[in-house]
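So, here's a batch of structures to check.
Shared between the two complexes below is subunit A, which has subunit B as its partner in the first and subunit C in the second.
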Partner chain A sequence: MSDPKNPTRAKDGRDKPKESAHRIEGGIDAVVIGAGADGLAAAAYLGKGGLRTVLVGAGPEIGGRIAKREIASGVEGVDGEHLVTALDPDVIAELDLYRHGLEFAARRLDTTYFFEGGDVLRFDGDLAQAALLSLDHDDDREALEIFMSEVLDMAALLRPAFRPFAFPGGGNHQRVLEKAMAGATPEAAARLRRFCLSNADDIIHGRFGDGPLRALLLAETAFRSAAAPNEPFSFLSLLRRYSGEAAGLQGAAAYPKGGAVSVITALRRAAQSAKVDVRAATPVKSILIEGDRVGGVTLADGGQLRAPIIVAAIDAEQAYLTMIGAGMIDIGLERILTARRPEIASARMQIVLKGVAQDDATRRNMMRRLVYAPSPEALAKAFNEARAGRVPQSLVVEAVFPTALDEGAALDKRQVVSVMAHPLPFDAEPDAERREAIRSAILDNIEMFAAGFSGRIEADDLRLAADEAAAAKASPAAYAARPDILRQWALSSAVTGSGDITGFYFCGPEAQIGAGLSCAAGRAAARAALHAYRKGAA
Partner chain B sequence: MNGSFDFLVIGDDEASLAAAGAAAKTGARVAVQRPFERKKRSPAASPAVPNFVWRRLDLQDYDLTLEPVSARVTLLKEGGAVTSYASARETAAALESAESEDYLVWRDFLDEMAALCEDGYLTDALYKGEAPGAKRFAALLSDPLLLDKAARLFGPCADLLDDYFTDPRLKAHVAAHALSLAGAGPREAGSASALSEYIEADAWRVRTPKEGPSLRAVLERICQDAGVDFTAEKVVEIEPVSGKHLTVTFANDASIKVKHVFFATPDAAAAAGASGPGAMMNGLGYAGHAVFSMRFRLAEGVEPPGGDLKALYEIIDSAEDLQNARDAAVEGRLYEQLPVEFEFAPNGELIARSSYLPAAFYEDGEWRGWTGQDRQAAAAVMRERLSSRMPGFASYIRRFETEVAAPPAGPSPFAGCNRVIVQPRRHDAISAAVKLMDRVMAGDE
Partner chain C sequence: MIFPAEDFFADAPRPTPLYAAVASASEANLWTAVNGWTAARVYSSVSGEYETAKSAAALADLGPLARYAVRGKEAAEFLGRLTTAPALSLQVGESARGLMLNDQGYVIDLAEVSRLSDDLFLLTAPTPHARHIALGRRGLDVVAEDISGQVAALGVFGPQTAGVLAAAGLKSASETLAASGVLRGVETAARPVQFGAMPGVELIFPKEEALTIWERIIRRGAGAPIGLDALEILRLEAGGPRPGLDFTPAGKPGASPRTPEEIGLAHLAPLDRGWFNGRRALRHLAGKPRRRLISLSIDAEQSAPGAAVLQDGKPVGRITSCAWSPVRKRVIAFADVDAASHGNDYEISAAGAPEGRIPAKRLETAESGLARVFAGVQGTSTDFRR
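Now for the complex of A and B:
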C-alpha cells in the first residue's frame, strides 16, 4: 500500500532515481505522458508502428487510477473500474490483448434489477439481449425487445461519433461519420433526431409508462452521467452505453479475470512487446514548445527527453495549463478548461462481507451484476440534490462480487462486493463529514435491496473522484461525471483538436466520450501521430 | 364541420392564428379548434409580429396598432429593480447609471448571442424539425468551433451568462426574463438556448393599446377572410387512416380528415393532452410543468415599483430561485419563493403568471393532479410574491381569477399518431409557428 501522505514515494521506500538529473536524452521518436490505460494503449500503438517510444508515468505504479490496493487486512481490491463495458474492440484486436493475457471471467453478466417497491427483474444476460426472465406482462417484454433493438441499431449507427475524433491529421473523420450515417433509413434518421434532442424520460415514459422498466432504463441512462434523465440530450447517454462493446458483445458488461487491473497488465505487456520504454515515477514538469511544434519534455528532476511527438494521456488541465502553459494555447481552449465546474460524481465502495453462505445458490446469485434502480421521482430528486451540493437519499447502485466472479480472487468465508453509486455531489476536497454522509447513503441504498446486509460488513473502503485523482496525480475535475453528450463532444473536440501545436496529441480523460475503460482515445491519438509521422517521413 | 383539411390547428392564441392564417392564404385548407370555453378578457402582451408575417397576412389592411412593451424589469429581493430596454444603448446607459460594471459588455453580449444562432444546424433540427442528414451531422462533429458554439448554445444558461457578466443582479435579470417562459432552470442543460432567442427583436413583446382591436381579434378576422373553419367542439379521438391522413372525431360526432394536427405552443398541446408519445415535439424535451396564471381586477392607485405600467416584470429573489423553483416543479411540489411574471393589461387589470409550477403533485409516493386547494395555495403564494414588491397590494384586489394549464392525466387522444406537430415554447412564438407551418407544407409537396 502506498503512503497516502507521500504518494510519490515508491512502495519499498526507494527514492526516485537521480541519475537522469539535467541529462538530455535524444534518439526518441515519441514520449507518452501518463501511464493509465489510454497512455499504455497509445504507447503500444506507437511502438508497434516502429517509433522509439518512451512512456513516463508520474506515480510509482503503472495504471493510473486503475490499481490494486489492499482495502482491508489481507484483502486486495481494484480501484477505478469494476466492470468492462466499452473497451474498444479494435484495441483488443490490434494490440492482441488476448495474447497478452487479457481473459474474461464473465463475458456477458446476467443482471438483476431491484426496485424501490421490492420488485425484482432478472435478466439472462443483459438488456441488450433483452432475454427477460421475470415480468408479468408480455406486452412489456415485447416493448422492451423492440425498444432495445432500436437502441442497439441507433447506437451502432452512432458508434463512430462516440469515439474521440478531432485529432489533427487523424484521417477524415467527417467522411467516416457521413458514411456511417448514410446507411440510415429516413425513419432511422428522424428517430435519431428525436433521440438526440430528447430527454430520456420522455422517450422511455412514452414506451413503458410507469412500470419498473421505466425506472430500470432511467437508472441505466443516468448511471455515471452528470446529465439528469429529464434534461435534453440525456438519451444519448444510453445510446453511448450500448454502442460500447465488451468481450465482443455489444452492450454487455464483462468481468475480466483479475479485475480491471488485468486490462492494464495486458496493455503494459503489449507496450513492452512493442519495445516501449515504460518508466514509472518519472513526473513531467513541462512540455517544450519550439516555435509551433513540440521539442520534448522536461522532467521534474531537471532531465529532458527530446522527441518530435508528445502524446499526453493526462488530464487536460495539467497538460495544457501546467505543462504547456496557458500563454501557448488557444484562448477558447483555456476558457473551456478554466470554466469547467463539475457538480456530480460517482463513488466507488468496496466492502468485505463476512459470514456469507457458501452454497451454490448463493454463489450463483453473486455471479451477477446487481443494480438498484430508485423510482424515477427519487432519481430526479437525487440529481437536484447532488447538483445543489447535498448527498441524495436515493442512488443508483451497481454491485458485483469479484470474489464470486473470479475464482482466483475467492476468499475463505468472506466475499468482497464492489459497488459504484451515482449521482453524488462532486467535491474537489471532500471532508470527513462528507465522506461519512456518502458512505451511509450508499449503505442505506444497498440495505434497500439486501436487507440485513449492514450486519455482515467486516470492512469497507470508500473511493471518491478526488481520491482517484490524487492516486493518478490528476486534477479532480477530470474524474467527475461527464455532462451531456453534446457538451462531451465539444470538450473532446476542443482538447483533441485545437491545441494547434504540431506533434502534440491529447488523449486524457477529457478526450473520451462517456464513462468506463475504453482506450479509444489512446488509439485515436496514436494513429493520428503515426499518420502524421509517416507523412512527414515520406 | 366535415370534409378534409391539410391542417387542424388546435388553440387560438396569436401564434396559432397567425400560422393558420398564413397557411390558408397560401391555399391550404385549415381548421382551427378553439378552446371550448373562452372568456372575453383583455389581452396580455404577445410576441411581436415579424415583418415577413405582417406582409404574408397583409396586416396593413386591418386597423391594427401595436406598441412594444416599454421595458423588461426584474424586481429582486434587495437593491431595487434591474431594467433593460429594446435599445442596447438605452440598456447600457441604464446599467451604467445603476453602477453595474457590465454595461460595457451588454452590446457584445447581444451581438454574440445573435451570432451563436447563425449556424443553424441544431436550431434547425430543434425548431424546424429537420432530421440531421449524414452530411450536416458529420460536419457538426468535425468542426470544433461549431461544436463549441452548439455546446454553449445548448448548455446551461448560467454558464453562458458567467462568460459575459460579473454583476449577479444583471445575471439574475437576464436569466429571469429568458427562462420564465419555459420554466427552465439556469443550471439545466439546454437552457442557454432561451437566452439567444429572447434577445431577438421578434421576441420583444407588444401590447394592444386601450383603443382599437386586439392582435388576436385581427388575426381571427384574417383567418375567417382566408376561409379557415372554426370549431369549439372537443377532440375525442384521433386515428391514423393511412400513412398520410388522420381522422379526427369531435364530441358532436362530426369527423374530419386531416394531414396534420398542429400545435403552435406546447401549452395548447398539453391542454389537449397531446404531449407525450406520438407527438412530433420539436425542440428540447423538458420535463413537464404547469403554467399558473392570475388576473386581478384592482382598485385605483396600484403602481408597480418605478411606476411604468407598460413594462413586463419578473419577481425573483435571486438567480438561485429559478433553479430551486424548477427543481421543485420537477419533484412535484410548490415552491414558496415562486418566480412570478406580471404586467398591466390595457384596461388596468394585472396579469400574473408563473411557469414554475408542477404539472402534478407528488405526495406520499403518489402523483396526483391539481385540486382546488392547490390552486388556492398557488394563488396565495403568488399574491404574497406580488405584495412583497408592491406593499399593500392585497388591499387593492377587487376580484381575481386563476387558471392552470397543466397536461391532463389519463390517456392522450393523440397517442400513436405521428402526424401531430408541436412547436416548443418560443419567445418569438408567432415567427416560429409560421416558419414551422411553412416547413411542414414544403415537406408535403
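Now for the complex of A and C:
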C-alpha cells in the first residue's frame, strides 16, 4: 500500500525514481529543509507534536556532514564529529534516543594531555574529579579543584544562555545572561561577570604554578574556536565547552557505538516513529514567500510542497540568500550574513595504523581521549599564523581510537585513529599543496607525543571544512570555526529571528552556539514552530 | 525632493557643479552647506524668490542632494527593496516618491526613484547612503553609482516650467514623464520631481555643460534662481517634512526613530505594496503611532522652532520648523505632537502674547491631504494582512 499523501514513496520507505515532477503537494503542515542532525531533531519534534512533517535533504544520504565513508580499503570512517560532547540532554530524553538505538561505546572518556616538554597529565573523565590526577605540585592540585568546581558551576549556570532561540524577536541572550546573574549569589554573580568579560589567559594566568595546567586549559579554550585564548571574552568558550553534557556527565566526552553516525541513525528512527516523511535526494530550489509568510518550498525538479511552516536546517547563506532571496530579507540581516569572513577552521583526519599496541600503557591510552596541548605562546602564535593564511607549526590535536573504544569497530591487526586539529587557516577551496601542508603539520604534531607514529601509517584521510561543506552541500563558511561567544550570540539571535517571516524557522549551523553535535537549535526551532502553530490553531 | 537640514559645522563645503553660476547670480552672498556642498540661502530677497516660484518659474540648484544612477537587470528589485517606492511597477519615464526604512521599520530618509530606461534608474535622496546602498545591493545584479557632483541638477518649479524646458532646448520634455535628449551634443535628462508635494522638473546634465545651460535659461529670462530660505516656505506650505529638522533619521546620533505614520507619510509606505526593507517590522508598528508630525497655521507674526505646543492647557509637543507664509498671511509650522492629541485646535506658547499663548489650527497641506485620503482608503480596504 503506498502512501496516498505521497504516491512516489513505496511502502519500504525507499524513494522510487521521480515520475512526473511538476506537481503541487498539499496537506503538509511543516517542511524541514536539511537532513542533518538539527533537521532530523526538528522534524522529529514536529512529528511528535502531531504535525504532518516532510523532511527534505539535498544529499543522497540522510545525515548531512556526519556520514560513514570508506577511508581505506575495508575500513569505514565517520565524517563530521568523532566525539559527543554537547548533545542536548533534553533532546535525548524528549525524543527517547536511547530507545531509538543510541548507545555509547565509551562514556566518561579520560583524557591524557601531552605537552611540548614531554610532560603528560591525565584528567579523569569526570571533571569534578579532575583534581585526582597525577600532579607534581600539591598547590596546583588544590587550585585546580577550586577552579574546576567554579568553572563547572558557572558553566551550568550559563547553560540556558548557550542554547539558541527561535522565537522571532523574542529570544535575547543578554536577557538570559542577566537572568542567570540575577539568580546567582553576589559572589557568584561577580565571578560570572569576570568570567564573561575577561579573556581566558587572564583568568588562568597566575592561578596555577607555571606549567602544563595553563597550557592544558588554554588549549581546551581555544579548541575549535576562532578566538585565541588571549582575546576578549574567550573564557566563555571554555564555559561553553564545559556546559555540554555527554552521557549524563557535565563537561565530559563520550564515544557513541558506531561513531557519531549512530546519533543520526537514532534521530532518524525517532523522526520516522513520529511519522515524519523523510526524503533524501530532494534538493530545494527556493522558499516561497507570500505576503510576509511562507507558503511552501519549490523543489529543484519543479515540484512544490505547500506548508505553513518551513524549518531550515541548512546554512544561513543558503537559506536566506539563495532560497528566500536577497531581495526578500532585510538589509541588516544580509549584512550580518555576508559580513563574516572566516579565518580559522579545524581539520579532521582519520588515520589507519598498521599493527596493534604491544604494551599496556599504550593500550590504556588508546581507550582515552588524547590531547596535545602546545605551550600558550606557541598557541597564540598558531592563531596569528592561521589568520595570516599560513599553516601553523603547533596545533592542538585531539585524538581518539574508534577501533579501541568500540568493539564493533575493531579491526584485525590495524587501528584507526581519528584526529581533530586546530587552529588551521580557513580555505573555501583548498588546493593540493595546502592539503599536504596541513596533513604534514598534523602528523608532525602527533609525532610530538607519539614518536615513531608516522612509520606505522597505512592510510590517512584529511577532511577540511570545505570537504564537509561539499558533502552537506552547504557554503564552506558555515563549517569554519566560530568567533567568540559574544559574536556567536549576536549571529545566532539574528538568524533565528527568521527575518520576521511568519512561519519560517531557522536552525542551521549559525544558530548553534559553540562547536559539536548538539541538536539544541533543531529543538528550539521546532518548539517555536509548534508554539506558533498551536496558538494559530486555537 | 527636499533638502535635509543644513550642516552648520561643515568647514569647507565643496562647490556644486552649478556653483560658479549660482555665485554670480547671488547678490546677497548668503551661503550654507548641505551634505558638504555649497547651497545659497538667498539670492536677492526671500519674498521675491517666493513670488517667482508662485507666479513664474524658479530655478534651484539641487546639486547638494544625493543622486545615484542604478543600473542592472535587478535594478527595480533593488530599489523596491531599498525604498518603499514602487520601482517594479514604474514604466519608463515614470517617477515615484518613497521612503528608506531601516530593518526595524523606522524612517532613514526620503527617496525619489525615476525609471529612465528598462534597466536604468535614478535614485535621489536628501542625504547620501553609500553604505546602506552597498549593503542593499549585495546578492542582486545591480550597480549603483554615486553621481552627485558629477552632474549638475537644476530644479525648476512654478507655473512657467514648460517655458524653461523650452529655453533649455528640451522641447520634448514633459512635466509628468522623464525624458532624455541631446542638447549641444550633451546627454541631458529632465524628470518630474516633487518638492514636498509641489510638482516641478529637474534638469540633469554633465557638469561641464552646467554654465552653458544655466546661461541659456537666464538669458531668455525664463526663470530666476531661488534660495533655500524661499524653498523652505514652499516646503512648509506643501507639507513635506525635512529630515534632520522635523524628524531625526533613524540611526543618526540622538535619533528617536519615527515610523512613516509618525511623520505623516504613511501613504509613501503602504503595507500592501510589494516587499521593501523594514516592511515586516513596520507591520507590527503600523496603527500604533506614538507621535505625530502635523502642520499648523499659527495666528502670529512669528514663531520659533522649539516653542511648546499645548492642548487643553497641557504641553503635547513642540514646533520643529516654521516660516511666514505670504499666501496664508500666517506663520505655518511643523509640530511634533503626542499621538494622543486630537482635533484641530492647539496653542503655541509665546512671550508677549495674552496668557503667553497663541492659538494655532491644524493646516491641510497637499501632503497631509494625501495621507488623509490614504488612511481613508486603508480603513475600508479588504487588505488581507490586517
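Here is the rule we use: the second predicted complex is superposed on the first by the 494 of 538 C-alpha atoms of A that agree within 3 Å, B and C clash if a C-alpha of one lies under 4 Å from a C-alpha of the other, contacts with A are read in each partner's own complex, and residues count from 1 in each chain.
Just so it is clear, contacts are C-beta pairs under 8 Å (C-beta built on N, C-alpha and C of every residue); 3 or more make two chains touch, one makes a residue touch a chain.
Everything quoted here is computed from the prediction, not taken from an experiment.
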First (subunit B), second (subunit C), both or neither touched by A:107: neither
Touching partner for A:332 - first (subunit B), second (subunit C), both, neither: both
Subunit B versus subunit C as contact partner of A:439, first or second or both or neither: neither
Touched partner set for A:197, first subunit B, second subunit C, both or neither: first
Which superposed partner A:321 touches (first subunit B, second subunit C, both, neither): second
Subunit B versus subunit C as contact partner of A:387, first or second or both or neither: first
Dominant toucher of subunit A (residue count), subunit B or subunit C: B
Footprint overlap on subunit A, where subunit B in one structure and subunit C in the other make contact: 332, 335
In the complex with subunit B, residue positions of subunit A that touch it: 161, 165-166, 173-182, 184, 186, 189-190, 192-193, 196-199, 201-202, 205-207, 227, 230-234, 332, 335-336, 339, 341, 343, 375, 377, 380-381, 384, 387-388, 483-484, 486-487, 489-491, 493-494, 497-498
Interfacial residue positions of subunit B with respect to subunit A in the complex: 125-126, 129-135, 137-139, 141-142, 144-145, 147-148, 150-151, 154-155, 159, 162-163, 187-190, 276-278, 281, 283-287, 327, 330-332, 362, 365
Contact set on subunit C toward subunit A in their complex: 74, 77-78, 80-82, 102-103, 132, 135-136, 138-140, 275, 277-281, 283, 384-385
Residues of subunit A defined as touching subunit C within the complex: 289, 291-292, 321, 325-328, 330-335, 338, 499-501
